[in-house]
Amino acid sequence: MPILTRVITVAERVVGVTTASAHCDVPCGVYDPAQARIEAESVMKIQEKYQDSDDEVFRQRCVLIKEQRADLVKHHLWVLWTDYFKEEHLQKWPNLHDLFWKATKLAGESKKSQDPAQGQQLLDAIEQIADIFWESKGEKRKAA
Amino acid sequence: MPILTRVITVAERVVGVTTASAHCDVPCGVYDPAQARIEAESVMKIQEKYQDSDDEVFRQRCVLIKEQRADLVKHHLWVLWTDYFKEEHLQKWPNLHDLFWKATKLAGESKKSQDPAQGQQLLDAIEQIADIFWESKGEKRKAA
Amino acid sequence: MPILTRVITVAERVVGVTTASAHCDVPCGVYDPAQARIEAESVMKIQEKYQDSDDEVFRQRCVLIKEQRADLVKHHLWVLWTDYFKEEHLQKWPNLHDLFWKATKLAGESKKSQDPAQGQQLLDAIEQIADIFWESKGEKRKAA
Amino acid sequence: MPILTRVITVAERVVGVTTASAHCDVPCGVYDPAQARIEAESVMKIQEKYQDSDDEVFRQRCVLIKEQRADLVKHHLWVLWTDYFKEEHLQKWPNLHDLFWKATKLAGESKKSQDPAQGQQLLDAIEQIADIFWESKGEKRKAA
Amino acid sequence: MPILTRVITVAERVVGVTTASAHCDVPCGVYDPAQARIEAESVMKIQEKYQDSDDEVFRQRCVLIKEQRADLVKHHLWVLWTDYFKEEHLQKWPNLHDLFWKATKLAGESKKSQDPAQGQQLLDAIEQIADIFWESKGEKRKAA
Amino acid sequence: MPILTRVITVAERVVGVTTASAHCDVPCGVYDPAQARIEAESVMKIQEKYQDSDDEVFRQRCVLIKEQRADLVKHHLWVLWTDYFKEEHLQKWPNLHDLFWKATKLAGESKKSQDPAQGQQLLDAIEQIADIFWESKGEKRKAA
């Protein structure tokens, strides 16, 4: 059995559908919207923790770290937009550009906002992109 | 329904088990071994592509990009080791330190190696860590 | 007319008082397409120098540094797209998303290409964006 | 005359066709003092915005982002000093070392200062360097 | 006299034992616990300066810069742990993993703490590691 | 005994003169030429290893990693020059600017050179700076 097939088989057995998402299309070629999502979850958690705390230094560190996490969200989304998606995907999802533009704007706004509902909007936007990503790969994300 | 619960519920419906892994324990507190795994998959794909190509510049870029990806694997593993795991986990998994040490060493070796079998060893080591991670969170990764 | 001369000629004709472009609209708010252009000029120069050299290590360093410069082009373009441009600009320039998408794809391709003509395409794409940028600010770039 | 207007006026008078400045001398070889200037304009704008705001988190983000922008100013100036300028330039402009030293010190001080007049001093120092840079290239920056 | 020997000889004459510590074992191969220590000294100094100041912006910058310095401490320690130490060292110092784990945790905690005594604990932990490092190299660090 | 005194005392006992060099003058305020030196030692070691190897990929990685190490040398030297040294030091060492300029140029040249003798020149230049640095602090670096 070729090596790559073995990876996916072992991975599927253990992790379920997750690993199946990390394919390779071109150059280094491994894309996964989970990278943006994980950082966005961090953003929203920080917004929650900011609300729950009244320690001045802790809140300052929340603002500081959130700034970095939001930058990572933007970066991962930009890479996905520019590097993964092709002309054929735009034919099928004509609003793709706009989805990415708005999602990255939401990531930018999350630097200013301490409201977890704002972080949730960001996560929802990433979910929309993840749906298209997986459909474009012809793989259905199944419930556990 | 509180915001956080809603996230997980929506996410679980759409993505299956994946999102459930991104919890928050302390400070910014979102950890997920998928971050290391995605970069390691990139490392192994690059090793495969290196083997399949005879273009000198392309192979050079493989070596160059693999160096960066392997650094990211090391970074994500180190963060998990230092920031997520606690004394109580060491009681339960006494080989935890050694697993991380060897996994990060494998990531370092992947910079030198153009053999996908080496990349597979790295992925296997990350899988072992991911298994412990999920067990430590009391969440079972289910097959799809 | 040699390629480099052409770049400068075109640039001089179109650009004029570049510095006037560095305004501030929102948050830190200083945007200037010159940031992407300078890095793209570096990319094209490296492609030329690669062609002119037969020193193995020098050419390797060209590939390596070009990789970094191209990443900076992508970054500066992404920032401009997400952070500077607003909904009203999209009404006026409906192809804005596509221009940025293609320009960043060209930057990605410049990592693979050692052909200065490819770098020139990237510079041309950035010029198109710069034209819209300056028009959106209601400032005419005058010839010297 | 308000500070910002003064910047632009001075800049327009002195700079003219900035873009013509992006030449290539050695290795990747594209140098342009505009890179330092753009970041310094960002520094001064942030100092202004800090003064105009009484939102605690916004002001904190000003301090945070200004720190990064000032670092970029320092970096771009250092690169120019070490990589572009040659022994022959020092013969002609014996105070070159001192100009760079003081300009980078001003960039360091801008991290501590919330006063736009301090940022203006930094911009003036960069202008002095830009004047020498352009003269050294035998190209006159013309007014528009 | 071969080049390397000359370096050490000159260095020893001038700096004492310090330079002798910077050897090369594998790949780029130069390791020195001083890298982690210098950043940790910076962390503790910032904690002291935070205590001595009542300027709000200055204290904010302390928190911000300490965050970065602590990250560097973690990075340098992780590199030492993964890249320098070998299986044979673990045989001799079975608590090595634990020392590194606790030292990097202390570095993480120093982000939250403004207490110089906490920074001192971090420095002490790095000293313990440095002792083992030098002993493993068969070189005694002598008092001046 | 105040905390800081205790640090130096413990450190002096164990490490000899090394720690005494890490003082604090301004802001975060810990400076040590060892940071530049350690990276420069890495540069020279890589040049040696390049000469000793005939493995193509290994040599490529040497060039790649040396590029990064040389950048770190430049960075640490620039920081020392701009942030540590004051006007009074220039009075006493009028060639200070020139020493730094030439040392950073040597670091830049080490990217191109695979000759350990070139790396040795870089180390010598850093030694000259370190001598001045320690003399400026009124501390003699003693032999062991």
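By written order: A, B, C, D, E and F. Residues from 1 in each chain.
Quick note on the criterion: a residue touches a chain if its C-beta (ideal position, glycine included) is under 8 Å from a C-beta of that chain, and two chains touch if they have at least 3 such contacts.
This one's a predicted model, so the numbers in the text were calculated from it and none came from an experiment.
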item: Chain pair among A-B, B-E or C-F whose interface repeats that of E-F, sharing over half of the contact pairs by residue number; value: A-B
item: Contact-richer chain pair (by C-beta pairs counted) among A-D and A-C; value: A-C
item: Separation of mean Cα positions, subunit E and subunit D [Å, integer]; value: 35
item: Junction residues of subunit E - those touching two or more other chains; value: 27, 60-61, 64-65, 112
item: Subunit D to subunit A touching residues, read off their complex; value: 57-58, 60-61, 64-65
item: Touching residues on subunit B, where the partner in the complex is subunit A; value: 3-4, 6-7, 10-19, 22, 24, 27-30, 32, 34-35, 37-39, 41-42, 44-46, 48-49, 61, 65-66, 69, 116-117, 120, 123-124, 127, 130-131, 141-144
item: Residues on subunit B engaged by subunit E in the complex (per definition of touch); value: 27, 74, 78, 81-83, 97-98, 101, 104-105, 108, 112
item: Subunit A to subunit D touching residues, read off their complex; value: 60, 63-64, 67, 111-112, 114
